[in-house]
Amino acid sequence: MELFIQQVINGLAIGGIYALVALGYTMVYGVLKLINFAHGDLFTIGAYLGMTVFVSFGLGGIVPIWIAIPLVALMVMGLVAVLGGLLERAAYRPLRNASRLSAVVSAVGASIFFQNAIILLWGANYYVYPEAMRPSVIIDLFGMGVPLIRFILIGASILLMLVLYWFIHRTKTGTAIRAAAIDQGAAKLMGINVNRIISLVFLIGPGLGGVAGLMVGLAYGQIDFSMGFSYGLKAFTAAILGGIGNIPGAMIGGLILGLVETLGAAYLTIAWKDAISFFVLILILIIRPTGILGERVADKL
Amino acid sequence: MSTQDISMNAILSLDKVTKTFGGLRAVNEMSFKVEDNSIMGIIGPNGAGKTTVFNLITGNYTPNEGSIEFQGKSITKLRPHQIVEQGIARTFQSIRLFPNLSVIENVLAGSHCRMKSGLFASMFRLPSQRKEEAQTLERAMEELEFVGLAHMWNEKASSLSYGNQRLLEMARALASDPKLVILDEPAGSMNQPETKVLIRLIQAIQERGITVMLIEHDMGLVMKVCEKIVVIEYGTKIAEGKPVEIRNNPRVIEAYLGKED
Amino acid sequence: MINPNSPSTANSPSTASTAKKICSSATYGSSKMPLYNYILIALVLVMSVLPQFMDAYWVAVFVSVGLGTLLSLSLNIILGQAGIFSMGHAAFYAVGAYVTAILNTRYGIPILYLLPISGFASAFFAMIVARPIIHLRGDYLLMVTIGIVEIVRIALVNDIGGLTGGANGLFGISRPEIFDIKIKKGEQFYYMIWSFVGVTVILFHWLNCSRFGRALSCIKEDDVAAEGCGINVTRYKLLAFMIGAFWAGMAGTLFAAKMTIISPGSFTFWDSVLLFAAVILGGGSQAGVILGAFLVFGLPEIFRSFAGARMLVFGLALMVMMIIRPQGIIPPRPRHYKLSKASQNKVDYALSQIQDSKDAQPTCSVHGKGEENL
C-alpha cells in the first residue's frame, strides 16, 4: 500500500509534467492542425535555461530559494515563449498554406536545429542541477518519506493548468483561441486576428513547456539534450489520449499517462517502461481514436 | 400508387430501411423499388435525407434496420467498393473527382474494379497486364466520348469547369460497367445549356440498358426524365408515383410550399 | 455509341482555347521525354564509374546513401504514393535486419537467400501491425507508427525471446556471396546496393504505371471517392504498407550483411524521421526521392567541415528547403498514356467539332424533344 501511494504521487508528478508539455502540443494542433515536433526541444531548452539562469545570476546567494525558483520559472517561461514565437515565425508561418506534410518536415528540421544548438551551447553530456536549486526536504506522509519537491511539482502544474483553463474559457482572448481552433475561416470573418492568435498560442505552449523542463530538472536533477524526445512523444500521447485539440483533455491525459506509466513500471515491468505509453497510445487509437474528451465527428460525404 | 408496381421487374429494392445518427432518424422505414432500366428520381426539401438514402444504397452508411436488395441479392452489409463490383456506381453531390489526376485517369479509376491484373503482373509489366491496360484505356476513352469530354482527356481534372467535372464524374461511374447509376444532383452548378445536354445524356445512359436513380432540385429535369419519383420529407417517404401523379399530390405540394391555413 | 454532347452545345470559345492548349502541351511533353531519358542514362553511367574516383571514405558514404535511397523509395510507396503518414519505417528495416542476423548467425543461411525471406518477414510484420490501425487518419497514424518503431526498438533492447541480443545487438553476420564472389569491399557493396536501387526504381516505376499505382494515387487524393469508384481502400493501403515493408526488410538484409554487427541503435525513431524527410523533401517522384535521400543522408557528410555544427546546419537546411519549395524538389509528373489510333481519332474529331462550332458562332440550339414546360 505504501508503495502504491508513493507510486501514485510519483505518477502524478510526472503526469503533471506530461500534461504541461501536452498543452503546448494540443493548443498548436488545435489552431494549426500541426504536430510541433520542436516542442519537445523547447522543453529541453527550458530545462537548460533554468539551470543557467539560476547559476549565472547567482540567485542562490541573493534571495531565499522559495523566491529564487519562481523567479527562475518566470524567466524561463518568458525566454522559451519568445523562442516559440520565433520558431512559429521562421519555420511555420511561411508554410501556412502549404501541405501539412511540408510543415511536419520543417518542424523536424527545427527540432534537429534546436537539439544541436543545445549540444553546441551546453555540450552533449548530461548536466546535474545544482544542489542549491533542489532543497532536499523530505515530507513525512503516513510514515513514508516523500520529497517535498514532488508535491510542489504537482501543485505547480495543477495551478498552471487552472490558470490556463481560466484564461481559455473565461477571457475574450481565450474564446478567440477556441474559435480559431474550431474554424479559422469563420473566426476571421468574426473579426478575430487569427495570425495573432497563432502567435499567442506559440507563446503560451512553449512557455508552459519550458517551465515543465525546469520542473524535470528540479525534480529529477539530471537533464540531457535528448530528453525532449521521449518527454515530447509521451506528452503528445497524453494529448491524443485526452483528445487532441482539447485543453482539459491534455491535462487529464497527462495525469492518466503519468499514473499508468509509473504504476505499470512498478507492478508489471520496468524494462518496458518507455513502451507502456505507446501501447496505451495504440490501444486508445484503436478503441476510441478521438481520445477521452474528444468529440466524434461524423464523416461528411 | 402506380399500377406498374405489381408487374415490375425490380433491380433494386429497399425494405424498411432505417438509419439513425445519434437520436436523429435520418431515414425512417424507407421502402421502394426501382424498375430495371428505368429512370427514377428522389426529391424532397433540403435535409430530407435524400443523400442519406443514396449513401445507404452505396454502402457508405450501413442501415440500422431493414434490408437493401440489388438484382435479388442482399447488399445491406457490403462495403462501398463491393457494391460497385456488384454493379452500382455513383456520383457525389459535392463533386469528388481526383483533382490532381488527369481526366483520363479519373475514368480509369472507375474501371479499376473491372481489371484483374495483380500486384505481380503489374510490377513486372507482364504482357497480360499491358494488354489489359490498353483495352481499359480504349474503354475509358469511349466513356469520355460518351459524355463529350474526349478532347480534354489529358487535362488536369481540377481545371475543368464545374459542369464538365460533373460529366467527368458520370464517365467515371460508367467506366465501372454498372447496372445502376446513382446521380446525386447531377445538374447542380450547371447552366441551362449544360442541363439540356445532361438530360439527353441521362436518357442515353438509359438507352444503354442502365438503370438511373437521381436526386435533383431542378424540377424541370426531374419531371422530364424520370419515369417514377419518390418524395421524401424528414426521412420518410411521403409519395411515390409518376411525375403527373407527384405534381398533383397534395402532400407533396404541402411539403414544398407549406400548408395553407 | 451515342454522343449527346453535340458539337453545337459543347461550345464556348474558352473550351476551344483550352483544347488548343492541350495540343501544344502534348507536343511539348513528347519532346521532353527523350531528354529525361538522356539524363537517366547519363546518371547511370556516372554512378557506375564513380567509385573509381573516390576514396574508401566516400565509397562508404555512397553505400549508406544507397541504403537510405532504397529505404526512402520503399517508404515513398506508402507515404508518397498512397499518402499514408507513416513515420515508423525503421521498424520494418529493423525486422529485416534482425531476421537476417538471427537466421544467418544461428542457422548459417546464406545472405542472398535471406533477402526474400527477410522481405516476407517484414511484409508479414507490416500486415499484422498495420491491419488494426490502417483506418486511422493523418496525424493519428503518424503517431501510432512512431509508437510502433519505439516499441520495436525497446523490444530489441529487451532481448525478446533471447534472440535479439539486447542492447549490444548481434554480431558475426556473414557477407553475401554472389557466384562465389564474396562481397566485402566497399566498392563491391557500392555496386551491389546501387544495382539493387536500379532494379527497384524500374519495378516501382512499372508498379506506379499500373492499376495499382493509380489506385494509390486515388486513395491519396480522396479515399472516400476511391472507395466509391470500387477501389478496396483498406486492401490497397495494406498492400502499400506490405510492399514498402518488403523492400525495407530487404534493405535490412543488405545493411546487416554490410555491417556484420547490428544493434537497436540503428533503428530509432530518428532514422524513421530522416526517411520521412527524404520522401517529403524529394516530392514523391522517384527521381525526387533519390535526390531527397542524397540530401538527407549525404548532406551531413558534406557539412562535415562545419564539425559540430553540421547537424545544426542540416536542420536549418531542412526548414529552408521546405519553405522555398513546400511541394518537394521534384513532385510526381502525371502518368503518360499513349492513345491508340482509334482513340486519337476521337480526340481529333471532338476538337474539330469544337473548332467548327466556334467558327459558326453557335446560337445554343438545343436538340432533342420539345421544350414543353412543367
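Lettered A, B and C in written order, each chain numbered from 1.
Definition applied: contacts are C-beta pairs under 8 Å (C-beta built on N, C-alpha and C of every residue); 3 or more make two chains touch, one makes a residue touch a chain.
If you're wondering where the values come from, they're calculated on a predicted model, not measured in any experiment.
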Checklist entry - Which pair wins on C-beta contacts, B-C or A-C? => result B-C
Next on the checklist: Based on mean C-alpha positions, which chain is nearest the centroid of every protein C-alpha shown?
Outcome noted: C
Checklist outcome for this item: In terms of CA centroids, furthest away from chain B sits chain A
Checklist outcome for this item: Per the C-alpha centroid definition, the whole-Å distance linking chain A and chain B comes out as 50
Item to check | Centre-of-Cα separation between chain C and chain A, whole angstrom | outcome: 35
Item to check | Multi-partner residues of chain B (each touching 2 or more other chains) | outcome: 60, 92
Next on the checklist: Residues touching two or more other chains, restricted to chain C: which are they?
Outcome noted: 224
Item to check | Per-residue multi-chain contacts in chain A, two or more chains | outcome: 301
Checklist entry - Can you name the residues of chain A that touch chain C in the complex? => result 29, 33, 35, 90-91, 94-95, 98-106, 108-117, 119-120, 229, 233, 236-237, 240, 244, 271-272, 274-275, 278-279, 281-282, 285-286, 289, 299, 301
Next on the checklist: Considering only the defined contacts, which chain C positions touch chain B in the complex?
Outcome noted: 1-6, 9-10, 15, 18-19, 22, 25-26, 203, 206-207, 210-215, 217-218, 221-222, 224-233, 239, 243, 334-335, 337, 339-340, 342-343, 346-347, 349-351, 354, 364, 366-368, 373-374
Checklist entry - Which residues of chain B touch chain C in the complex? => result 58, 60, 79-82, 84-85, 89-90, 92, 96-102, 104-105, 108-110, 112-113, 115, 117, 119, 121-125, 129, 133-134, 136-138, 141-142, 144-156, 159, 167, 172, 176, 193-194, 196-197, 199-201, 203-204, 207, 219-220, 223-224, 247
Checklist outcome for this item: As the complex stands, chain C meets chain A at residues 85, 132-133, 136, 138-140, 142-144, 146-148, 150-151, 154-155, 157-158, 224, 269, 273, 276-277, 280-281, 308-309, 311-312, 314-319, 322-323, 326-328
